[in-house]
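Both complexes below contain chain A, partnered by chain B and then by chain C.
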Partner chain A sequence: MSFEEVDQGTHVVLAPEGKFNLVAAPPFKARIDDLVAAGKSRLVVDLHAIDFIDSSGLGALIGGLKSARQQGGDLRIAAAGPQVKAVLKLTNLDRILSPYESVEEALHDW
Partner chain B sequence: MVMPPSTGRQEAEAIAINVPADRYDRVVRLAQAIFGAPIAALNLIGNDSQFTVASVGFPKGQMPVEDSVCRVTVQEDEILEVRDLREDQRFSSIPSVTGPPRVRFYAGIPVRGQSGQNIGALCILDLVPRTLGRQQREMLADLGALLERELAVQEEMDLAGQVQQLMLPTSAPDIDGVEIAGRVQPAREAGGDYFDWFVVNDPGGAGKRLQVALGDVMGKGLAASLIASEVRAVLRGHSRYTDVGDAITRTSMTTRHDLEANNRFSTLWVGRLDPETGELDYVDAGHGLAIIASDRGYRRLDQDYLPLGMPIEDNWTRATDLLEKDELLVVVSDGVFDVLNDSFEEVEARLNDILDPGLSCRQIVDRIVDFAVSNAATDDVTALVVRRV
Partner chain C sequence: MTGDVAPEGKEYTLEGFAVPDQLDAVHDLLGQAAGEHPELDPMDVMLFETAIIEIANNVVEYGKPEGTVRWKFTIRVHDDEIEAELDDTGQSFTPERGKDMPGEDAEGGRGLPLAEALLDQIDFERLGDTNHWRMVRRLGQIPQS
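Coming up: the complex of A and B.
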């Protein structure tokens, strides 16, 4: 999986593509850890180009959320498609990883 | 020729039967290319047969062990090299020498199994007599060592998978009035899915209850299976003394460190049934995939609780439903749900396939798992089905 990354100064937007699974999750999580370690702990994950997420993908998002919050930041997700929303709802993870409709909306108070 | 059975030959047979297709082809191709030989193969030597499990220029499959050259190599500690098989009376009359492909040259390095005994050989064959130089012999020995390592890893994985399978309940629970079946099909040798059932005494003293559980630890493979084993064992321990909500809360507390340290989470659905009345206590920790189904329709047994291993501690509390005698309790893992496009409409559309009252729980479970596997499930696939009888 490739993902685009745009550093906006106050925050970083990451946009993964394709399947967010066991193969894609570790490099994505590693990148988030690097960003957080570099002081970039306000992160938005733009999920519009993800057509499938599994538990490993969810794990990477939750793990990223944990690291970001530990550094006083946050990880927010935006523009999730129907499959991603369904899985978040099924696992109740939307309680801690609430999906924003767009990247702009996710940024509302940053 | 009958060879006396040995640990090594038993091991070779076990590996040969389970060997994943193409698993060892790469090393064999490498050997073929390095030596510029028309034939290279990994042959395992069983009790009566040689199993060619990887090869170039020679078909995979079985041949009588007496027609094999590698049967001699496995009795050696080092490379067996024969310049011209016609000149060696041990091999001059075997079919591949006297008939097609009329091999002449043979070099093979024995490959050791976990038992410490040789189980087969990596060999190269040529149609003209030749000899190997010192460096080539070293190269062949290195390739043999590489295969040994590959085989060892595979065997370890297979054993881990067996351990996990053996932890699953196999016999009917010691309680009247229920029929139950479950099955896990891991995507790899071992995995993060598991199911469990056992009988507990109701903490309020109201008698025996059947507890069932289905858990899914994030990820796949051996690492996920280690965590799944822990969650299973801890839940079993806590379940003896308390209701299902409290048991999950305590399981979360006990496993929290290990889940967090490994950045894993586990969804978990646990039910506790009184087979006599049908009263069913349950807790849904972010699993969401338990239903009660009958020809009247279905209802989900889901709650809003988080899986185990999340950054915040939840307050898992049981809910209660009633399982009627003509209803099925069906719990699956997301490996099944993914195949149904994560859609309950599709679940509903498929329900008739499992609601035939003539089907046993075992048959229903097989239908669900086989359906998911045949639809190219990429995740571990698990199903658990219970009904009152």
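Coming up: the complex of A and C.
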């Protein structure tokens, strides 16, 4: 999986593509940890190009959320497709990782 | 004869090593089965795919000796259900069935509970020197929300 990253100053938008699975999750989580360590703790993960997520991908998002919040920031997800939304709901993670409809919406108060 | 409806009872089979790169082949196998069964609801296919990939992940992550475990996937589409069987040559083990979904903070442990939530039947047994999984999702039971 490749992902684009755009640093907007107040926040960073990460846009992974393809399958967010056990192959893709570790490098993605490592990148989030690097960003948070560098003081970039307001993160938006744009999921519009993700067509499949598994429990490893969910784990990376939760890990990233915890890292970001520990540094006073947050991790928000945007533009999730139907499979991602279904899996978030089934795992009850939609309570803490509420999907925003768009990146713009996720940024509403940043 | 391409493009014809798949004959009743057709099996879709994949054999190879249970390694991360092969997960795409599992997605492709289900994609082939779904492509030849346009009557399947895409939501059923998507949820079944999520479940069987979680079980495949378990074999890839925990099957030993690592990198040498072989597997065979078989998918069948029936009138009222979709079924997958997975045989792997990994070590004998006992899956922890029936566990609750982990709490919101947990970074792992959701794979098997997620698969169980998406399947109507999930059987596991050790047959000789292989682990055998059978996964079934009944069709047309998607809640309207």
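Definition applied: the second predicted complex is superposed on the first by the 110 of 110 C-alpha atoms of A that agree within 3 Å, B and C clash if a C-alpha of one lies under 4 Å from a C-alpha of the other, contacts with A are read in each partner's own complex, and residues count from 1 in each chain.
In the analysis below, contacts are C-beta pairs under 8 Å (C-beta built on N, C-alpha and C of every residue); 3 or more make two chains touch, one makes a residue touch a chain.
All of these numbers come straight from a predicted model, not from anything done at the bench.
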item	value
Chain C versus chain B on the shared chain A, clash or fit after superposition	clash
Which of chain B and chain C A:Q71 touches, first, second, both or neither	neither
Touched partner set for A:V23, first chain B, second chain C, both or neither	second
Which superposed partner A:R95 touches (first chain B, second chain C, both, neither)	both
Stretch of chain B penetrating chain C in the combined three-chain arrangement, among 4-12, 76-84 or 328-336	328-336
Footprint overlap on chain A, comparing chain B with chain C	21-22, 52, 54-56, 58-59, 62-63, 66, 83, 86-87, 90-93, 95-96
Of all residues in chain B, those that touch chain A in their complex	192, 216, 218-220, 263-265, 267, 286-289, 303-307, 310-312, 334, 337-338, 341-343, 378-379
Chain A residues within the chain B interface of the complex	21-22, 29, 52, 54-56, 58-59, 62-63, 65-66, 69, 83, 86-87, 90-93, 95-96
Footprint of chain A on chain C - complex, ascending	20-21, 23-24, 27, 43, 46-47, 49-50, 53-54, 57, 60-61, 101, 104-108, 110-111, 113-114, 117-118
Chain A - residues contacting chain C, complex	19, 21-23, 52, 54-56, 58-60, 62-63, 66, 82-83, 86-87, 90-93, 95-96
